[in-house]
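Here's the structure, in structure tokens; my notes come after.
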């Protein structure tokens, strides 16, 4: 058995002077509360505080970072207990699943998943040996036993890990019952929602027209007119704000925006509601609706997030058998300069709007995003996202975006995860990487030390609270 | 008040052995004269040697790097005294402008503007405290007083900063009077022009046909025929050479080139002169004219520069109210391999042609530009441009282009600035970054130390003089 | 004369702790045998073991890395003895060619060619002074004398450099006589072939239909039907396997794949065989045939390599006078996510398929290739290719691909060269760069030291053997 020990200098530069600066910076932000403005945790955890079922259902079955890598090396999703769409059986023994994971743990070397998991094992569960085939049972037993104790229920973990506020993400048809339950429970943890209207804004989504009709019905508005549909958004945004939301989120295929005339959008709405919908009409409708969302954000103060550019469910067989979000999403090349112009022409100079941009195409960091954010008052840059939420990904973002956008057009860190236990591990990684970057700037005399201390705090805590109005 | 002190090791790697090599290299190039082969300083400064008006009009109002960042964080261009197109009033009190700038100076942390400005404050004006709200008046008073003295007039600064030669950029309709005045003045500073014919080569420019008519009239040629138009270029190029020019510069939307047949280009010329002009015809005309420019360069020896790929004036409201060049230019994705083929098929192997390529799309460094420059005798790579004229931008360029293009297909540094005082600061940054890069190669035993000394000098001085024939 | 000495720490990080780790890692892989699964050496060398003719014909005339750089700085290919297509004379004096090369050796500073050549000079030929005009004759004499000795014949060099196995690449019309001769010779060196069917799979290739007819005739199949053509592939693949091949290789313009219906592909086959061929039909045919190749790979176990995205013979004048492969190939932007979907929909989840992807477009490392390889069981990532087979290129690949693809979806190193003497130099560079990367991960506590030792061996030896079934 090999020891598991998180080194106190992990992720800091090896060069001693730079490392010393990174250490000093990190000491001042290590214990700051966690602000998690965007993610996909399940509000039921916080509403009902039930124990997590077992190690595999907590850490493997729902984590697409984990099972995509195992699958790439020949482990079948069935063997990992990922449920099928048709209910055909997959592995049901959580210990067997855990053993398969443990036997392949070497596959994660060099990946952020490995560092997050090791953090969880060491810090959350207090394990001091490395995961492998030889320690699989020990791990399973320790974690399983812990999960049965009150200290490992969702609310206790929330508090133990210093989460000041966390946002979940709900669709426009969500009744927000779980969020209501959280508030009604009297528990003091701050869990808020975020408005993600894709199912009623993207005519390419299966069931779009039915979604819109249900959505308008929920809001007491008339789905038969575009004006009614817009009012339904306004009402549901208000509902979400009442459940704490300060932001909307938009997961479109592209960053395309458009501003159609009144007659044109009304006709387009009628057309996409009666289907079939062409690719071009779907893009136009989404694009116009982003502009409407920006307009509403100016009116109601909700911060707008745009997460474009993913080819969803690329693997046809996995989609057919297991459904969406099963590790088969692949980034697409991005374009923001032309795409956002219609929106920016209308609202880009309005200080009441905050539009936070994310991308999976790192090429646009220095070519498009930093120049846009370093100019338009309404724009801010989200942190490296998804595949790029990693040490090298963070370093590339800082190196490519900072010189043109500056630090103050950035919004700190998002963990963007459904893996609740990884949240403190992800913030730990982000804070260390930011301190490492700042330390390098100081060591190369590109930044003064007192400024680096201010910026370390800003990147860990202040900027995210300001940008998301938290 | 916090001290302002430029560290002698700034921008050098922190690792001690590498830093020592960088120091040694830098000591041999630090005091070499400045050769500035491409930029946008105003020849009137050198022709008439009038004092600069005040700190804000010198350092803030004309510097789009500065006001774009302030604007991105909510400071209005009106508050910074940027003049409007319609003459509607903006801030006129330079001290008030300076205070706004000083109060937001933290926004520039991590940007090259911050390092350039600090250099100017410390080296040019001798200020030893950091800029901020608390020191704004001190700064204003020191700089304003200095500007009233002979030592801070343009020619004195030119000499003090060791400028051996500087090129301005003039349009094809410029009478070059200021350059004549410089030569007539008897002053020994070498200020030359460069030929930037975009207004008469790009049919998409407003007023194109009028420009061409005026241009042909200046040259005594007939605008009614393409042959006359070409001869006008030849004559005006000769005028520019008489004003010292050794280069032309082309700021096209793309790097597209084309070689049309005689009848085809004559018909296209007639068409773009009588307007309206389609996007395709404008691109074809620009593309063909780049080939004509290459042909003329082979004949008259002028070095050709291509600066493609900028979406100009992206911000519609800023364009309408303040005009062009107000910080709203955004890079565009670039393509050179297909685009340049027609030109290269004709002249790419001709050693008499030097075509220097620039880009704002860093993706093409390793994929397109370095492979092209490492093959075609006519091609050279310009340094990192505009948004990428920064420490990280320079590092990326060296890392991505050197291994395939080699050092000798590069042309040293361009400051490309209209901010006269920043010129020595920019060359200082470039020389330090080049020494840092060379030091790393030496420290990793990828280059011998004696070669690094030769290359440090080449990158700072020799290559630019050779490439630009200065 | 300056000394030539390969530093034992070359390519290792300068930071002492990291360098020490790199040294320790490297000591364990330095002497591992060389596995060269993909390249372009000439099987005649190993079949007949004739001496290499002279220094210039060995090291300059055939090396496009060398002559492209010399050409870019004005040395004519004629002056370097590159043969013309029409037989018109070029330089025939190998010593004169060598002198030209030596006089321009400074052009290679900072390029991988310089490091490879110095390795060959120092390690293979034992030269201890640096190449330059002053040492050109000494070099020529030493190398020329060595080449006349048995120790410098191909087989002796093969053995001396520890090559365990090397793959050449042959076209589908190759009778494989030289490979038969190698086996018949009784020499123990393992030299295998690889199946590169581009001339009979790409209808855009000159002579395609004639190639296909000859190909089917070789295989005893009927070129008149698509079924016969497919069977000819199956037979020739078997012939290649009999000559040791474990892989196929495909050098298509793009990564496009397609799966046409039976009637459609039969009609397309008839059409491309009768010509003329549209660009679209050529792309469709290539795309469909990649899918057929994948199907055959599943059946016969051959590993599939895809090397897409090169604009071949960009320089029209060089192509006309000297032919293909003369340094004028330029990378093209790549796209894999859409392009590979048809193939992956059919076979991407089949563990019997190994499809190794290469690219010259580094942008796709983190955006496309690593996400694809970190998901699909059939996909693996080839090492940095051609222009990116360099220290910085390797570093970028590791930094951008590892976090998402993991180490185990990579296949170690390919030298991919026709420059036989550079093979050990290239593997030396790759091993050093991998150890440098692993050392950084260890020094930053992102990987445990025992894991780094396993990975150093995996990247140098184990992964390539597994992936290529060697």
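Note that the chains are named A, B and C in the order they appear, and that numbering of residues resets to 1 at the start of each chain.
To be clear about the criterion, contacts are C-beta pairs under 8 Å (C-beta built on N, C-alpha and C of every residue); 3 or more make two chains touch, one makes a residue touch a chain.
Since the structure is predicted, the reported quantities are computational estimates derived from the model, not experimental observations.
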Comparing which residue numbers chain A and chain C contribute to their contact, where sharing over half means same and under half means different, the two sides are different
Superposing the Cα trace of chain B on that of its twin chain C calls for a rotation in degrees, to the nearest 5, of 120
Distance in whole angstrom between the CA centres of chain A and chain C is 40
Residues of chain C that touch at least two other chains are 13, 15, 363
Within the complex, chain A is touched by chain C residues 13, 15, 17-18, 335, 337-338, 341, 344-345, 348-349, 351, 363, 366-368, 370-377, 379, 399-400, 402-409, 440-441, 443-448, 450-451, 454-455
The residues of chain A that touch chain C in their complex are 2, 7, 9-15, 68-69, 71-74, 106-112, 115, 130, 311, 314-318, 327-333, 360-363, 387-388, 390-393, 396
